[in-house]
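In structure tokens below, several structures.
Each of the two complexes below includes chain A, the first together with chain B, the second together with chain C.
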Partner chain A sequence: MGLLLCLLAAVSLFVGVNRLSPGAVLSDPQALQLLAVSRIPRTAAVLLTGASMAVAGVIMQLLVRNKFVEPGTTGTNEAAMLGLLAVTLLAPSMSLFGKMLAASAAALAGTALFILLARRIPPERPLLIPLSGLVYGGVLTACATFVAIQTDLLQYLGIWMSGEFSGVLAGRYELLWLAGGLAVLSYFAADQFTIAGLGRNVSLNLGLRYGQVLGFGIVTVSLVSALVIVTVGMLPFIGLVVPNLVSRIMGDNLRASLPVVAGTGAGLLLLCDILGRLLRYPYEIPVGTVFGIFGAAVFLYMLLGRRAHG
Partner chain B sequence: MADRRILGLSCLLAAAAALFLFWGLRGPVAYILELRLVKLAGLLSVGAAVGVATVLLQTISRNRILTPAFMGFDALFLLLQTGLVAGLGIAGSSQIPALAGFLLDAAVMMGAALVLFTSVLRRTRHDIQLMVLTGVVLGLMFRTITAFLQRLMDPSEFSIVQARMFAQFGSFDREALAMALGLMMLAFWWVWSNHAVLDVAALGRDTARSLGVGHDRLQLKVLCIIAALVSVSTALAGPVAFLGLLVTSLAHSLMRTHRHALLLPAAALISALILVAGQTVFERILMLQSTLAVVIEFCGGLLFMFLLAKGKIR
Partner chain C sequence: MAHRKILQLAASIAVALAGAAQAQSIAVDTARGAVELPGIPQKIVVLDAAAADTLEALQVPIAGVPSKLYVSYLQDLQDRAVPVGTLFEPDFEAIAMLAPDLIVAGGRSSVQVEALAGIAPAIDMTIWGEDHIAQSLARLRSYGHLTGQEARAADLEAAFTAKLEHTRAAVGGRGNAMILMTNGPKVSVYGAGSRFGWLHTALDLPEAVESVAAQTHGEAVSFEFIAAANPDWLIVIDRAAAIGQGNQAAAVTLDNALVAGTTAWRRQQVVYLNAANVYIAGGGIQSMTAALEEVLAGFATGG
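Moving on to the complex of A and B:
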């Protein structure tokens, strides 16, 4: 899989409107600059986003104990959006870092509220959780839409909402390294997350500080979502599809599967980004759109295919 | 006792309708009255359709938080509107006659809903929750495509789409309204003549079957009725996602019964009352044309969160 990932990354480096051939890099200083300012940052941003969103998804699924949950179906993304909108209106001159902080705080509050709400839902009706989460996200989106209409920001909001990487240049994506770092950090807590996935009572029995692990998980997921939304926009379905695909093959031991989840997330997102760049060459289709359609199709297959023989 | 509540609601609705018709009636009375009558008919039919459709959906899914709008109807409507403006441009899309636009919207939504209901229900062995989730995911997919199309638009095209993103109760096309009314009457007639069967179906699939109700067939029929009602009302006015939720909660807490003979008229009356009274207040007193839909959405959304927090969702 590592090999495949390298191959994709190499392809991504040499796909774009400005022609760039591997041979030119060695001789042409301009080509080298293009590579350093645009292509390498873009590829890195896609890889970091895909990996960290997939990791955030798998953590969320363990904490809520539901396979159909990800930051996009728990209101996390929408809450971050609302925070970003608020800070844009109230303090438009704030730095990117300040905006990120506001979005993270909003995402944190939104996710925590949802986890509180989700506990009220009886566990024998598992499909109700993503359903409620989607409606909850819808309510938050309605608030954001209302504010945006009043302030004529609606089209702007729409552009924010669909994630894409065409604006990524050196100096404009570095926050994503933080998200990547968080994903790596969560690897050290992988065993704790796996146990927490067994439920509150079992984890307490096994001597786990459940509250702490839950808190750490929520903070990680919220921060990753907020970082991704602020830098590239909303990317639904990655956190949902990738962990489900991986856990079909590798099971739920996070220590073993987390690297695979991260790698698959990065690879799939990169593949979709390359597709988005090639389908309407020389224009681009935002990767959010490509992955939105692809991810929805996979999700539906998982939903309906499972029942057909189960 | 219960009949008195229905009677009270009817009186309230009649009063609201009278207020809507005759308040501030000046100038060419006959002309204005005719305009207002058309609008009133539109409000009443959209309200009744949304109320009845939501009660039906909640009955067959045995779930008190669902409304048909969650299942992708709104998203499909928006995609259609966006697609029309994006494909034909401003000039092209404004040349479509209102009636043709209405027919196209209604037909596409109804067709999509029927395909979804029949194909998915068979696959999921009549697991309605799974079907709803499928609808929700499809809705997300539609929204992604809509967002992409809107991104390609220039601001003047976008402003046309933006105007259609929320329900408009200000004007109705007469021919479209007449057709919608006919279809709705048919649907209401079927629902009314089956209200006792619906009571049994609300007990759940196994109980209903052991009591001799052909549950699966009934479910499919009811879903078709829902599809017709929601498609027509959305094509008439636009998306009203949370109105149904608001209405059914109010109807349940007012009637305190599971009998559809009382629930259905109560929901229809409350829904129409909210729309007529709300439109009167917003149009005549506050002089705001288009905010009613947004306010309803917001109240309904808050109510949803409240229901979720109280653990009322089973």
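Moving on to the complex of A and C:
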């Protein structure tokens, strides 16, 4: 899989509007600049986003003990959006880092509230959790839309609603490295997350500091979502499709599967971004659209196809 | 319901006009063909920024306009007239309270024309698609005709045509251009068939990249696209500024290593258009004149 990922990354480096051949990189300083300013940042941004979103998805699924949730269906993304909207209105001149902090804080509050909600739902009705998450996210979206309509920010909101990478250049995506770092950090807590996924009582009996793990999980998911939204926009579905795909094949031992989840997320998103760049060359199709179609097909197949692993 | 209202309205108009001469009715060209109006309207509600722009230029009194027109030169009008909803959603109650003789809709409010006709005669004056300038001037003539201001309309048309010729001469032979709209950190390119395409076609300004598909919202492109096209001139519209959000100015978005390599950026041949004018009130006679002046000024200082 690592080899496949490297291959995709290599393809991504040489796909773009400007002609760039591997040979030219060695001889032509302009080609080198193009690579440094545009191609490497974009490829890195997609890889970091895909990996961290997939990891955030799997953590969310373990924390809520439900396979049908991800930051996009638990109100996390929507809450981050509200935070971003608030900071745009109240302190429009704030730096990107400040905006990110505001979005993260809002995402944190939103996710925590959802987890409180989810706990009240009887565990024998598992489908109620994603459903209430969708409703909850819908309520938050409605709030954001209302504020945006009143303040003429609807189009501005639209920029964040549809995530894509056409604007990524050196100097405009670096916050995503933080998201990547968080994904790596969560790997060290992988065993704890796996145990937490067995439920609160089991975790406590096994001596897990359940509250701490839960808190760390919520912070990770919220920060990753906020970082991705602030830098490239909302990219739903990755956190839902990728963990389910991997869990079908590898089961739920996070220590073993987390790198695969991250790699698959990164690879699939990169594949979709390359397709988005090529399908209407030299114009672009937003990667969110491409992944939406692709992800929907995979997800439907998983739902309708043979049931494995529950 | 609506039908009965129209019938009632028609009946009352008929009664009102019974004494008056039939010859007073006016035929007006609209976006949906010729429409017969019962006479020169005294009280007009305008729901489209381009229409408000042109009617204001004709010095026609306007009773009601949307609560936000976004365009700075229409602020006076905004202060005088009664607010009647938004560009997209007319406030039917407020319009009915005004009891207008004519409702002018268009563009964003064009889908409401049938519903509005229940209140008063409503015309669709949308400017859309091919031959933007011919359409805009046709609307100008219609407005002049229906308000009895034909002479003023003719003056405005002559002044605009002269400015157009002048600008065409000024941009001729100065190289090609690319129309960009920035939206926060992202960029779209607009071709000759787009809503801003008249800047290419009417000014004979060659496109840096030909045959960009005619999309309302342009084509999303990467900065590499701009670098590869290497336009001589950039004409930039900041979408966020059009709705009053100057958060991330277009210049900041474009100021990067890839755009910096283009001829346009190196020679400082970048023309920024007032976004509200061309985006919200596009097709209005004042809006188009102002855009031409911006292009003229840009081409005078650049290069």
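The rule is simple: the second predicted complex is superposed on the first by the 305 of 310 C-alpha atoms of A that agree within 3 Å, B and C clash if a C-alpha of one lies under 4 Å from a C-alpha of the other, contacts with A are read in each partner's own complex, and residues count from 1 in each chain.
Everything below uses one rule, namely that a residue touches a chain if its C-beta (ideal position, glycine included) is under 8 Å from a C-beta of that chain, and two chains touch if they have at least 3 such contacts.
Values in this document were obtained by computation on a predicted structure and should not be read as measured data.
Peer 1: For A:Gly215, decide between first (touching chain B), second (touching chain C), both and neither.
Peer 2: Neither partner.
Peer 1: Thinking of the overlay built on chain A, is A:Ile159 touched by chain B (first), by chain C (second), by both, or by neither?
Peer 2: A:Ile159: touches chain B and chain C.
Peer 1: Return first, second, both or neither, reflecting whether A:Gly98 touches chain B, chain C, both chains, or no partner chain.
Peer 2: neither
Peer 1: Of the two partners chain B and chain C, which one touches more residues belonging to chain A?
Peer 2: Of chain B and chain C, B contacts more residues of chain A.
Peer 1: With the two structures laid over each other on chain A, which partner does A:Pro286 touch: chain B (first), chain C (second), both, or neither?
Peer 2: In the superposed model, A:Pro286 contacts both chain B and chain C.
Peer 1: Return first, second, both or neither, reflecting whether A:Gly199 touches chain B, chain C, both chains, or no partner chain.
Peer 2: A:Gly199 sits against neither chain B nor chain C.
Peer 1: Taking the superposition on A as described, I'd like to know which of chain B and chain C A:Gly251 touches: first, second, both or neither.
Peer 2: In the superposition, A:Gly251 contacts neither chain B nor chain C.
Peer 1: May I ask you to decide whether A:Leu304 touches chain B, chain C, both, or neither, giving the answer as first, second, both or neither?
Peer 2: first
Peer 1: Output check: A:Ile121 vs chain B and chain C. Expected answer is one of first, second, both, neither. What do you get?
Peer 2: first
Peer 1: Could you pull out which residues of chain A sit against chain B in one structure and against chain C in the other?
Peer 2: 155, 159, 285-286.
Peer 1: Can you name the residues of chain C that touch chain A in the complex?
Peer 2: Per the touch definition, chain C meets chain A at residues 68, 183-187, 209, 213, 219-225, 227-228, 239-240, 243-245, 247, 253, 256-258.
Peer 1: Which residues of chain A touch chain B in their complex?
Peer 2: Its residues touching chain B are 68, 117, 120-122, 125, 127-128, 130-132, 134-136, 138-139, 142-143, 145-146, 149, 154-155, 158-159, 161-162, 236, 285-286, 288-289, 292-293, 296-297, 299-300, 303-304, 307-308.
Peer 1: Would you pull the chain A residues touching chain C in the complex into a rising list?
Peer 2: Answer in residue numbers: 16-18, 33-34, 37-38, 88, 92, 152-153, 155-156, 159, 164, 166-167, 169-172, 277, 282-286.
Peer 1: Which positions of chain B touch chain A when the two form their complex?
Peer 2: Its residues touching chain A are 63, 65, 70, 120, 123-125, 127, 129-130, 132-134, 136-138, 140-141, 144-145, 147-148, 150-151, 153, 155, 158, 162, 165, 241-242, 294, 297-298, 301-302, 304-305, 308-311, 313-314.
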